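Input: a single structure, listed below in structure tokens.
A, B, C and D label the chains in the order they appear, each numbered from 1.
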Amino acid sequence: MATDRPPVDPTRLVALSDGVFAIAITVLVLNVDLPSEPARTAVTETVVIGEWRDVFSYVLSFLVIGNFWVDHRHVFDHVTVHTQRVTWLNMVFLMSVAFLPFPTALLGDDGGVVSVVFYAVSMTVTGALLYVLWWYVSRHDGHLVSGISPDRARLYGLQYLLTPLAFGLSIPAALFVDPALAFVCWGLLFVSLVALKVSLEGSRYGRTDD
Amino acid sequence: MATDRPPVDPTRLVALSDGVFAIAITVLVLNVDLPSEPARTAVTETVVIGEWRDVFSYVLSFLVIGNFWVDHRHVFDHVTVHTQRVTWLNMVFLMSVAFLPFPTALLGDDGGVVSVVFYAVSMTVTGALLYVLWWYVSRHDGHLVSGISPDRARLYGLQYLLTPLAFGLSIPAALFVDPALAFVCWGLLFVSLVALKVSLEGSRYGRTDD
Amino acid sequence: MATDRPPVDPTRLVALSDGVFAIAITVLVLNVDLPSEPARTAVTETVVIGEWRDVFSYVLSFLVIGNFWVDHRHVFDHVTVHTQRVTWLNMVFLMSVAFLPFPTALLGDDGGVVSVVFYAVSMTVTGALLYVLWWYVSRHDGHLVSGISPDRARLYGLQYLLTPLAFGLSIPAALFVDPALAFVCWGLLFVSLVALKVSLEGSRYGRTDD
Amino acid sequence: MATDRPPVDPTRLVALSDGVFAIAITVLVLNVDLPSEPARTAVTETVVIGEWRDVFSYVLSFLVIGNFWVDHRHVFDHVTVHTQRVTWLNMVFLMSVAFLPFPTALLGDDGGVVSVVFYAVSMTVTGALLYVLWWYVSRHDGHLVSGISPDRARLYGLQYLLTPLAFGLSIPAALFVDPALAFVCWGLLFVSLVALKVSLEGSRYGRTDD
């Protein structure tokens, strides 16, 4: 079959992805439970404060998904063309992103070991899928903008691996030590992730050219 | 009435469509039921595993809608201008896409013959509407980018027909044999669909020009 | 205060509007009720068919909102710049569009006179707000692309008035005759609306220039 | 690490933000409660009117979020490039925007002092975060389009402060006087805000150049 046109540019793929990200992070709030009927006559501080777990998992998931979005944008800043395979790898990644409100809701309702592990597994899988996507485009000619050296591509890949690694490590921590330890892991790792990215950028700006 | 401007370009039509697709695939997850109050004190493996049917229909619908999106993008990669008729054909197609979370939810709650057939009918209708859209733009002058031969247009149309055909065939399978057979059909057909598309593209890249 | 830059171009206003339209038409399906627990063991034809009213109001609202979107796109095809006033008129219009899933849900649950009138009022107000938006931009210099004569602008305005007029007329029909009459009105008027638009376009293409 | 490409342009950041805004204002309507089963047989005026509080908080939140969107667009009309820090400041702002449907739902269900204060706090925080974003980009070289004087930047900052100030002031009003006073504050302040913006623009157009 003749190729009568160049491989499609990723504009619509990116638009669809942004849409899925935007919706996934915005429907998270639907998991913050409203007080049920008895509370209807008077919302007290107790009711609002009683939702702290929902609010905590809202904030956590928002930041983690935000982080995936930043990484996803970084990937597609370097992708010039894409093919059916990239489209479908991206689709499976989006399927994983769009699923995240479910483990978030579970975690908000219950801090038991099953919810925590299920949450950590979901995040690990999502992050791993983004890594696979990057791995694929960086290994196949013609997908990346020119000027990215293989070393640089590998470095970026390592950066995308940080999030799934962090969540992956929290799974045994929750299973064999204590679910609360997983929460601590996530918080610490996330803070260090943002710090790392910001400082990398800072150092880049600090240097003149290199 | 004078035509003081060229027929509108499809930018906003595509943006609206991408929005509807993004939302339709993201609200699918809302159908994955959270455990109700009694489970609130402790989410057990049983509860999470008990949702397998919801998760299965989530994955299935995500991939099928993703496939419709890929086909829709393919159609509009070839459409340069569009008219009221194209807008409305597209609107009816989007109406069908946006409806899909409902049969998905039904299927997730219940695997009986009615849910299965209802799901298959919904998918068949949606796919058929996309085919009608393509059929319309390919038969009317001035809608397609130049350089698409009638043969090529017919070939593309056949490709869009694969999904509704597959779901259409599963209707009698579910009605007269067993609902479980429909599930098997969908899985097999979907895998072959993706394989076909990827291999078509592969062969295209393999050839030098043609 | 100095104007250091030209009045903003409507790209983001249009993007926000498309987002609101896309979400409003997609969340409509959430109003189609799932069968409750007893039905969980077996979804029967009765259950699916019993939702006909929900499906009817889904289709109706989808088409009406789709029609508002077509009109909105038509308005902004002619708007080159926009100001705070246009932004806020558009915001109030969007507020009305985003509200439509509520009367749709009411109508789907109950076909009584209150639901029908509430639905008709909501649609009338939304359509009237779009007309006001057009009226504003067409009366104030510098908002429209050049080349639109006042006559043409008035003609477009009349076209946008058709939908609110149709729904407005169905209010007394429902109140003083029968709610069912309103349904008939809407159907007839909508069909004629689409027919009108398509035929206007057809005649435009038929003529050479004019 | 070498900077092999310029700091990313804000197109996708803006697209994600528009998506979050569009969804946040559209899911507000899901908080308008449908009458429950007993009302199913007949929706009466009482039921519709009984939802006035939900409708009021819908309109209020829609306009306030709309106002944040207008301010956000104004900010990014002046931002040419952005960095990780801007991305994350924006992400935290979006997290606050996406959270707003929750206090809106609380306010719609109950007009007690806790709901009112919680709502006012949420709005104050969101507005303050937008101010912080502006403060950051206006203080760091290379983020803003050239031609914005420091005076002008400070003036814009003050404009963005109006909304959080208004909501901030209503907190003691609700706590120490009466929750109803907060409602009055919001209404008055919002009207004056819109009036201010429109009149500022008007005066700008009135002058020839300056």
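Throughout what follows, contacts are C-beta pairs under 8 Å (C-beta built on N, C-alpha and C of every residue); 3 or more make two chains touch, one makes a residue touch a chain.
For clarity, every value in this text was computed on a predicted model and none was experimentally measured.
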{"item": "Same or different contact residues where chain D meets its copy chain A, judged by the half mark", "value": "different"}
{"item": "Fitting chain A to chain B on CA atoms, where both chains share a sequence, rotation angle to nearest 5 degrees", "value": "90"}
{"item": "Centre distance in Å when chain B and chain C are each reduced to the mean of their C-alpha atoms", "value": "25"}
{"item": "Between chain A and chain C, centroid-to-centroid distance (C-alpha), Å", "value": "36"}
{"item": "For chain A, residues contacting two or more additional chains", "value": "15, 18-19, 22-23, 27, 30"}
{"item": "Of all residues in chain D, those that touch chain C in their complex", "value": "14-15, 18-19, 21-23, 25-30, 32, 34-35, 39-45, 47-48, 58-59, 62-63, 66, 69-70, 73, 77, 147-148, 152, 155, 194, 197-198, 200-201, 203-205, 207, 209-210"}
{"item": "Of chain B, residues touching chain C in the complex", "value": "1-5, 8, 12, 15-16, 18-20, 22-24, 27, 30, 83-85, 87-88, 91, 94-95, 98-99, 101-102, 105-106, 109-110, 112, 114-115, 118"}
